[in-house]
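In the two assemblies presented below, chain A is common to both, partnered first by chain B and then by chain C.
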Partner chain A sequence: MASEPIHPGSEPNHARRFGLIWVISSLIATPLVVLLIGPIMPPGHGSEQASGHVTDNTVLIGAATPVLLLVVLYLIYAIVNFRQPKGAALEGPAIHGNARIQTTWIVVTSILVISLAAYGTIRLLEDGAGAGAGPNPVAVPSGPKLPVQVIGQEWAFTYRYPTYGGVETPHLVLPVNEMIELHVTSLDVIHSFWAYQLGVKADANPNTDNVVFVRPTKKQTFEVRCAELCGIWHGYMFDHGQVVSPTAFALWIKEQQVRFAPVAKYLPKYARKYIPEPIRRGE
Partner chain B sequence: MSVVAKKLLGIGVGGVVVVVLIALYISQWATSFPQTVAAMSTRKVAGLNGTQLTLQTVAAIGPKYSPSHPDWVSYLVLDHGKWVHSTIFKVPAHSLVHVTVLQYDGDSGLRNPFLSQVQGTTTGMETIDGKATKAINPEEASHTFAVPQLGLFIPLPGVPEEAKNQCEFAPCTLAEAHRTITFTFRTGAKGRYRWQCFVPCAAGWIFGFGGPMQTLGYMDGFLDVV
Partner chain C sequence: MTATADAELVPVPSRRPLWRRLLGFNLFSAVILGVAGYYLGWWIGHQINGPSFEFQAKTNENDVALMLGYFFGVVGFLIGLGFANYPVSRLLGRPASLREKEDEGMGRYFGLCTDHKVVGIQYLVGIGVFFFIAGLNAMLIRVELLKPTPTAIGPNQYLSLVGMHGTMMMGMMTSGILGPFGNYFVPLMIGARRMAFPRIEALTFWLLMAAGFILTSTIFFGGFPTGWTGYEPLNEQAVMGMDSYICFFALVGVSMALLGLNMIATIVAHRAPGMTWSRLPIFVWSVFATSILMVLAAPMLIGALLMAAFDRTINTAFFTVGVGGSPYLFENLFWFFGHPEVYVLALPGFGIVLELLPVFTRKPLWGYRLAIAGMLGVTLLSFFVWQHHLFVSGINAALRPFYMLSTEIISIPTGFIFLCVMGTLWKARTRFTVPMLFCLGWTFNFLIGGLSGVFLSDTPLDTDTHGSFFVMAHFHYTIMGGLIFTFFAAIYYWVPKMFGLKLNEKLAKIHFWSLFIAFNSTFMPLFVLGMKGMPRRVSTYAPNLQGLNMWVSISAFVIGLSMLVFLFNVIYSLIIVRKPAEADPWHSKGLEWQTPTPVPVNNFETIPVIDSDPYEYGIPISHHGGAEPLPAGG
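Showing the complex of A and B:
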């Protein structure tokens, strides 16, 4: 079938029309998304760091909304306006590049990506944002901190409290509104300590002290899971921790010291990492 | 039917057969579990309330129970007077379970000494050869029977190296060198709870945690609370 001639002059200004649709949609949708979805963003407000994640996720979804609209609206716009007429098989105009569109695209996306990278870096530098920061974290929050060691092993986490005689416990209990300095390590393979509601996730690597800061802001029960595939019982490597009042914490830690007194003499001196024996049967 | 169509049909049928065979193999592998052994009511054996679970730990399971891995360390369970190679045990919910472990293996030592303290039993203790104990020397641990979800951690001391008449492979008899560990714990709600050994006791495997430590039926299993 012969192609019909195209008359560019009869076409509306699609760029202007679509641009207007996109800007108006974005101005309506973005605040709605931020206001309606932002408050229910994970992981909730179990700690300062978790609240920070909620803010970050809200910023990200706010920034992503106009981009999503750009793609989806343009798809719809193209289907409606640029579809083939029935019975016709027309070829579009041969376009070889468009400097303005390309420049705009590169500039806008670069600004977006660089802005988000800068935002993420600034947030990480504030207090580590609940992520493992290695043995010598760059971002160290000011003020007093309660050190707690998280020890991963196949297949359970245990916890040591160096300021309380290095007592080790099978469960994690933390005082509310205190800055906690978690030292995450492993006695065997790589695990990952993930306290979801607290917004904490840090790899537990053998022979490594991975430091992460968190300040729980409310009394709560939170989940602890391993987030690194670590063997047959990885899926069962979970537990529940608790954030309690400082008084309840003081009582609890005293109880633990009494309860685990029989094993205290066998525990190694508290250290930031351990190279445990025996591995006799593995040698 | 053209030659090309016949070829395509052949390839299609062959492909389907291969996929079905692979699916059958995977499903059989994934659903292959050791048998479940129920704990015995203690009214029948000792006039006590609750149930009795009698286990045995051996350094090598032997060719009788595991021709493919005769040298693997393993647990066994007593079922109506016979030792069975299984690590899936059925116990009643909200009840007392009395456990006896006949421990025939030598010590390996715990990587984390904290796990050498008894936790989760009704008395906070276990008995080792009749003597009540709260914690053992972690270097003398041979295995543990631990159900982390129930807070149950039972360290099992090893048979001394110098002991005479050591058991070579399962089933071991009471005449051979062993330690007898007993403890009682209370079960909670119904559910499937995993249990495991925390001692790196898998000889020849990296960190002692491969092979029998990663295979259901040897050093770990399930406690079905029903």
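Showing the complex of A and C:
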């Protein structure tokens, strides 16, 4: 196969040239991405938790941009520069590795990912980040909280307000700027309560109380969806909730209590979880 | 050595009349016995269950009958193929052939054959068929998603399509590289004459085919609504089609565990003299790492599905709330298998890319030891991350920082692979052949897949993306962009060896470019759709997302067309034109290319003695660019 030797002098200093390209483009692209794409990252500013997600998304795209550029620019650089000349059958240099580069790479990637994990942990423990935290959450925000129970069943969510006599309604209305303590549970299969604009997601498991905290920061209509496949009408398990002023909320909940008073006696007593009738085949 | 003993045991090719051959142990009798076994099981099931189970009598559902039908069907199928001959002969004290059907001719491809090269090609074709069926399901899914409201496909059929697409891809393609290329090339690459357990090797293939057929048969029993995860209690609520899912995945689990075991035994025990662990081709290392995952993870799946099967048939309560069970148990068991499983799909891809790069860059593999460390690191860590699939489920919430950390850490060994790819490309003399293009495509795709994975591993951000199209885009980038691209790289690279024929290069380039562009154009917008709040596995969505969904659907159809180009190329080049390939078209120095084409039954005339590293490419340098070269892995 092989052929003519490689003349070290005839080639440019690729390492320096590529290094410059990468550093400069990262220095330009990263602030642009953070400033331009960061603010439009989901899920918006519907709640404290949602705003937190926007910040986290911005941090992560900021960290990902130089990594993405490194590999993509390197691929382009290598494809442009390190080619087999047409019709030739040249051999490349027999480089087997480079201890310094390998060590640097291991150290840098380790620092990067461990700091990202540390950052994620801090953010998670601050306020629960809107993620379902099980029956006994580690991070509990201080101050008064309004408990609301979310009950998933095939194929709708209903809501109970234990501080208002455990009234059950098919609508989710929340007061603005109050810390809400959602208790998510299910009566049949696994569902997942997803309030997109509030940055909240918590699986609804039968016989399980999954607690999640959220403080909506503006009056709004938000989407509620099921995010865990729960049977044929899963895609239709979709509704809107509302965040309203405290006075409007007080009016609304009073209205619900009156409206659902006739059915209240048929409801089971409010509980953190309900044992559903077991799904049994063949009985 | 065993070599001479083996050679004597190859049976003399026999030419018997057709009727006599049809009566023997072959695919024909296997299908007959399979169907007979199915009806036997069905009948027994009805005898056991009878009308005493009210629910089943009312709905004409009988899970016991279907499960037993599948079980006896598979047993009959395997007996028909001749898998019982060897144990029965030995039990009766008769001499038994150690190797079967290793003669010439097409017949050996349609039955139990213990030649690892035949099994490799059987795998390639068999898996290919199911790959296309599952791909067709994806096309139908995208047809439905052209409009935000349901079209011709109702929600039940839609979920069945989603479930079949996912389950078939995850199940059949698990062996997508290990099956065809692992079986065919591992013995050739390590200088062995056969796999450690040739009969088990054949068994893994035929089990997989039986499994694929069982999964496809779910359409006769109402399909299943759970997707590939099969979560309880939805699993227990579902109609009989669910039993097909359970039997399919359990059989795939058995096939996987046996395949992995066979690979480990072969690599440990059948290496040629001088083939030390540090001279093992990197592809063989990736097969080794994958096999460890398969052997350790698959039994967990089999166990979980056995429990689900008992819950559905004889009313045990492993997963039933209120009578001692918990759906969390299934989620845990499933993902304890399921996360290693996704690395079972990714790792062979790493191996293919790193194996092919030196050939086309004309350089040794950069950082051989680092690449091995990367693969083994991924293997080890992948058993410690499974609860990142359950971040918002409420289970072990206090442990989430640990799973976040372990998931982030797994990107360190994955990063090693990228460094090795980049190092190998450094100052290379790259030839942009089709396999090389697929490897470069992998590098880009897996980068996007990996970076999006960092977003998912962050618990606060997983809150937004869990269960959304973002996840779907992420794992299609890692599995389709990772596994499928390297699967094609391997096909284009090794077909000249496997068939002695050339694939048309122009068509191959059209295939690559259309696939690469359409793939990215399909799955990149899915990240956006997920971030805009579109959940997975729904047939209806918010009307304002229709534009993007139409774009995605049309791109997906282009992927379909691109696959048709590939299919056409295969038929055109391998069946119609049949242009013979050169002995070593890529000028590879791999041991597998040192054998004659077609590879003789015994692979090597004499067992080779290995006296050098696998990647002896490039011009040795004492000084280059001022940097002192270092030994492999440095």
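The definition used in the following text is that the second predicted complex is superposed on the first by the 272 of 283 C-alpha atoms of A that agree within 3 Å, B and C clash if a C-alpha of one lies under 4 Å from a C-alpha of the other, contacts with A are read in each partner's own complex, and residues count from 1 in each chain.
Note that a contact is a pair of C-beta atoms (placed from the backbone, for glycine too) under 8 Å apart; a residue touches a chain by one contact, two chains touch by 3 or more.
None of the values given here were measured: they were computed from a predicted structure.
Asker: In the overlay, answer first, second, both or neither for which of chain B and chain C A:Ala227 touches.
Answerer: Only chain C is touched by A:Ala227; chain B is not.
Asker: Return first, second, both or neither, reflecting whether A:Gly130 touches chain B, chain C, both chains, or no partner chain.
Answerer: Touch status of A:Gly130: second partner only.
Asker: When both complexes are superposed, which of chain B and chain C contacts more residues belonging to chain A?
Answerer: Of the two chains, more chain A residues are contacted by C.
Asker: Which partner does A:Glu48 contact after superposing on A: first (chain B), second (chain C), both, neither?
Answerer: A:Glu48: touches no partner chain.
Asker: Figure out whether A:Val189 sits in contact with chain B (first) or chain C (second), or with both, or with neither.
Answerer: Both partners, chain B and chain C.
Asker: Under the stated touch criterion, which partner chain does A:Glu181 make contact with: chain B (first), chain C (second), both, or neither?
Answerer: A:Glu181 contacts neither chain B nor chain C.
Asker: With the two complexes superposed on chain A, say which partner A:Thr121 touches: chain B (first), chain C (second), both, or neither.
Answerer: The answer is second: A:Thr121 touches chain C but not chain B.
Asker: Identify the partner contact of A:Tyr236: answer first if only chain B is touched, second if only chain C is, both if each is, neither if none is.
Answerer: both
Asker: Show which residues of chain A both chain B and chain C reach, each in its own complex.
Answerer: 188-189, 231-233, 236, 276-282
Asker: Which residues, counting only chain B, touch chain A once they are in their complex?
Answerer: 108-109, 111-117, 119, 134-135, 137-139, 146, 148-149, 151, 153, 194, 196, 198, 200-209, 213-216, 220
Asker: In the complex, go through chain A and note every residue touching chain C.
Answerer: The touching residues are 1-2, 5-6, 8, 11, 13-15, 41-43, 49, 52-53, 56-57, 60, 64, 67-68, 71-72, 74-75, 78-79, 82-85, 88-99, 101-102, 105-106, 109-110, 113-114, 116-117, 120-121, 123-125, 129-138, 184, 188-190, 192, 194, 196, 199-203, 205-211, 223, 225-236, 238, 275-283.
Asker: Touching chain B in the complex: which residues of chain A?
Answerer: Residues of chain A touching chain B: 151, 153-156, 158, 168, 170, 187-189, 231-233, 236, 239, 260, 262-263, 266-268, 276-282.
Asker: Considering the complex alone, what residue numbers of chain C touch chain A?
Answerer: Interface residues on chain C, with respect to chain A: 49, 53-56, 61, 63, 155-156, 159, 225-227, 229, 231-234, 236-237, 311-313, 315, 317, 320-323, 326-328, 361-370, 390-398, 400-401, 404-405, 408-409, 411-412, 415-416, 418-419, 422-423, 425-432, 440, 443-444, 447, 451, 454-455, 457-464, 466-468, 531-533, 535-542, 587, 617-621, 623-627, 629-634.
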